[in-house]
Amino acid sequence: MATSNSNAYKPSEMMSVRAAQELKNREVVFVGIGLPNLACNLARATHAPQLFMIYESGAVGTLPDRLPVSIGDPTLVTDSLAIVSQADIFQLFLQGGLIEVGFLGGAQVDRFGNLNTTVIGDYDKPKVRLPGSGGACEIAVHSQRLLIMMRMSPRSFVPTVDFVTSPGTKFHSKRPSSHEGKDRQAFQLPGGGPRTVITDLGVCQFQNGEMVLTEIYHGVTTDQVKAACGWDLKIATRLIQVPPPDAKHLTLLREKLDPLNLYL
Amino acid sequence: MPNQTHHEVDRIRKPKLETNKVRSMKEAIADSVKAGDTLLIEGFTHLICFAAGHEIIRQNIGGLTAVRLTPDLVYDQLMEAGLVKKLVFSWAGNPGVGSLHALRRRSEKEAAGGVVLEEYSHYGMVARLLAGSAGLPFWPLNNYGGTDIPGANPDIARVRCPYTQKEFATVPALNPDITIVHCQRADREGNAQVWGLLGTQKEAAFAAKRVIVVAEEIVDTSLIRSDPNRTLIPGLLVDHVVHEPWGCHPSYVQGHYDRDNDFYVKWEDISREVKTYQDYFAEFVHGVKDRRGYMNKAGSTLIDRLKAKPRRCEGVDYGY
Amino acid sequence: MPNQTHHEVDRIRKPKLETNKVRSMKEAIADSVKAGDTLLIEGFTHLICFAAGHEIIRQNIGGLTAVRLTPDLVYDQLMEAGLVKKLVFSWAGNPGVGSLHALRRRSEKEAAGGVVLEEYSHYGMVARLLAGSAGLPFWPLNNYGGTDIPGANPDIARVRCPYTQKEFATVPALNPDITIVHCQRADREGNAQVWGLLGTQKEAAFAAKRVIVVAEEIVDTSLIRSDPNRTLIPGLLVDHVVHEPWGCHPSYVQGHYDRDNDFYVKWEDISREVKTYQDYFAEFVHGVKDRRGYMNKAGSTLIDRLKAKPRRCEGVDYGY
Amino acid sequence: MATSNSNAYKPSEMMSVRAAQELKNREVVFVGIGLPNLACNLARATHAPQLFMIYESGAVGTLPDRLPVSIGDPTLVTDSLAIVSQADIFQLFLQGGLIEVGFLGGAQVDRFGNLNTTVIGDYDKPKVRLPGSGGACEIAVHSQRLLIMMRMSPRSFVPTVDFVTSPGTKFHSKRPSSHEGKDRQAFQLPGGGPRTVITDLGVCQFQNGEMVLTEIYHGVTTDQVKAACGWDLKIATRLIQVPPPDAKHLTLLREKLDPLNLYL
């Protein structure tokens, strides 16, 4: 069944497979729930069996035996290597510089990788009140390398985000600020900042701090990508064509990692 | 929007050493939660004491400043009940499912009953509790550079390292009037032992003026003393101890019952409309006297579905 | 006297995820302790790894900056062996018995081989390790007012709270080149579980550039994973794991062996004179190859006298 | 035997019995080793069965079944209510304001209760190098009430201590300082400072920040006390005569609390 389905796959599956490739074996990754969690577990089940997963809930070195529905799921506790307080997660692991890879998404992102998970519209009278930072701000500040997973649309890939919740490569805000245009070094941000953006259409890298489309998925055109981006997205001269996910990865995702189809 | 005055923390405290603090939830809430309080019902996914929130709603204790990293369903219920004037938080949502609809109805337009919001990131909230627990008025952290967060919250300030001259963010101490923590087991003095996720339970209890410990099991002090490294909250901080099995449902207690993920999913529909929300209150909050009544209403299939399968670890040796 | 330069902490670190880090003490020390290092052999009465100190003496690794809240006998031995150029500490003595005589010989007059002293209080040392472990260059504390301590140590500075305008003391981060911690049990990856007194083991390990974990028992990772709340030091910090039963004698390990108080009392006489001190080295340090040799020399009566009587606690349930 | 001995008792026994009286039931006391530990355990065995003992080693609510030889003795761990890290001891318990009674001694004390446990002589070239502060400084800064236990002699009760390790009621130092004479409020010290000094000859309280002899032990004269003090010690107009320790307390001390005679 998996094989017969492998020609038809969802964008979320393509994103998970491509995101998994960003993770190396024996890397320490700060995992969020949803697609990042699927990508990490796919990497573990394939090329990165010793991928080391840490959750902001305090679970360190997890071995979940079901798909965790929240970052505080009890399956992340049972059989983990260590449970620590959230103070330790933020002070010792994140601020202490031990997190190699962070994963974030958001409602909006700009060309510099600034992310908004706070409000749509004006902060004091928002059109949509989003959940807020959670751990996103400090993950973006401290991770040695940040991966962003987001579906592309002109509403989400915007010229200027309504609120900068998590810092990208350069500060760019709707709010009047003397910091406009300053880079990470000016803010003394210790982490490496956004490195790769995995979307449902292709993959972007940052060149001189700005997103550039470097990979495009099988069956997607650059016009589609451009139409899905709220600014004039730069496109690499050597654009890599990403093949469809193979049957093995799809089977793993569908039958083992997310059999209840919670996130795919 | 935030407009906090920074009082000196009243550091000198009277430790609480009564030997039997066990009360009903009704008594404990009536005694320790006051209108206008800064309230913290702690728990990060794990150990969120819904039973305490429901009792606060039944007693209609209002004007609250509700604080927590992750105000979730029970905080939304306090808001829908009109008891919250201000919410201090870092992530407000129904994890993995959707929004907090009572909050959205009160924050997306200036409606009557609007709730004032004061927001940090998770680390900022943790740092506020660290300061509050450690008796310092501020806590330094390397955070918030290159974001709009300090611009939206004037309580985030800066301090200069006297060694490197580098600037760091600070947040002010948070000292709740009342912290409520749920745990697997506690003795009658309130010595509480917790395993699985710890959240900021310890810091929240040390930072608070009053503390209620709610426990799945009340145990003899000798069991606490047999494994002292497991004690997260010493009884000398604790005002009341409540014995409340299943007090966290739909949240969970490691070793006792699983998270009711189905409930969190269903909640999205219940909470979207005021009518269904109020119907829920009528049935499961005002329609019952206490948590026992709630569990009777929920039915034994709930227990069958969520009761934890045993997974016991070995003990360790404290001999010398 | 203190004259520390405050380098920026190198915060970005490479986690250590090798699956088998087990080495002999000789290999681990040779690999991870370098001449001129800032060395921390942690332990507050409990879990002081004398075996590691003796191996450093055998390998004659000098020019050390030795740091610890309570430099006791094993640090005094490093000083007597001429390996320490500077001591950073908060309480230097033979607890309940007397003085550290090698230290006194090197600090009470300007003798050849003098040791530079930099001192804090216990809280100050703890705060230095907190800063080091949390990647901040300083740590604030409410301390030292009305004392001569800051006058004797220019590294104690001040910072102003941006909310209350009140001044607080600060201490600089401490990031040892090498921290050595002893524990009851660890797996081959260095995940270390500790019970009984915890000292500043966790902070010392997180603050260090290199970490050696010494364990009474090497256990399977599945045992670690069966009780994850017991893990104090995650293996990703650890360079080497050494299996060294009785590695703390005359200090102790809860659940394994008692403190050898008689030895601490006798030490007062052994250490007062250089001659008897050197005789001790000749017999128990240079006269043996390793800790097994030391224990053979100490004899089975020592084991009979100090072996812990069992006092096992119950396990807890991690099911869901 | 105890009864027959009760007319002859050592100064250390008198000190322990008198110090125990300072402790109320259900108080939280930060215990040091030696005589303070004996005094606390004597109080527990008599009028203060729920005295709550905390040690800087991290043992909270201890129930030792032998006399602890050090503050990190394993007997303090077994059957304690909680074991916490030293960071928690200093940040949460002491700085957090939870310690009601602290106990200190030292090599030198002045009339303001400033204590020296650092050096005798010049700091840089000391005549005697003492152990240093340990937790003494923060105990004196933060305890709501501080008890001092020291034997009197002109070498230990001195006009000016060689080094102020732990603050008393007023700063008074050999080292040149602009802080000379400032009181605790000027330093914003949160704890209540020294309250009572229990010596081997009598007991002092602080009046206007200065030690005043308020109690004298059975068989001791004020001349003896004055000769044992390095400054002209004030003596209360109504000097209380302290009776000898009774047989019950002496028996407890000798036969149960310190049978090996480690501290008495």
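Letters are used for the chains, namely A, B, C and D, taken in the order the chains are written, and counting of residues starts over at 1 for each.
Everything below uses one rule, namely that a contact is a pair of C-beta atoms (placed from the backbone, for glycine too) under 8 Å apart; a residue touches a chain by one contact, two chains touch by 3 or more.
Note that the structure is predicted; figures quoted are calculated from it, not measured.
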item: Selected pair, greater C-beta contact count between A-C and A-B; value: A-B
item: Chain centre separation in whole Å, for subunit D relative to subunit C (CA means); value: 29
item: Between subunit D and subunit B, distance of the C-alpha-averaged centres to the nearest whole Å; value: 40
item: Multi-chain contact residues (two or more partners), subunit B; value: 135-136, 141-142, 166, 195-196, 198, 226, 229, 252, 254, 258-259, 311, 318-320
item: Shared-contact residues (touching 2 or more other chains) in subunit A; value: 59, 74, 77-78, 83, 91, 95, 190
item: Touching chain combinations (by label order); value: A-B, A-C, B-C, B-D, C-D
item: Residue numbers on subunit B that touch subunit C, as the complex places them; value: 6, 8, 135-138, 140-142, 157-164, 166, 168, 170, 172, 184, 193, 195-196, 198, 223, 226-227, 229-230, 252, 254-259, 308-320
item: Subunit C partner contacts - residues on subunit D that touch it in the complex; value: 33-34, 56-59, 69-74, 77-78, 83-87, 90-91, 94-95, 114, 118, 123-129, 131-138, 141-142, 163-168, 171, 173, 175, 177, 179, 182, 184, 187-190, 262
item: Contacting residues of subunit A [partner subunit C, same complex]; value: 26, 28, 50, 52, 59-61, 63, 74-75, 77-83, 91-92, 95-98, 100, 144, 190
item: Touch list for subunit B against partner subunit D, complex; value: 11-13, 15, 17, 19, 133-136, 191, 206, 221, 224-226, 228-229, 231, 234-237, 318-320
item: Subunit B to subunit A touching residues, read off their complex; value: 1, 44-46, 69-70, 89-93, 95-96, 99, 103-104, 107-110, 119-123, 126-127, 130, 141-149, 151-152, 166-167, 195-200, 202-203, 252, 254, 258-259, 261, 264, 311
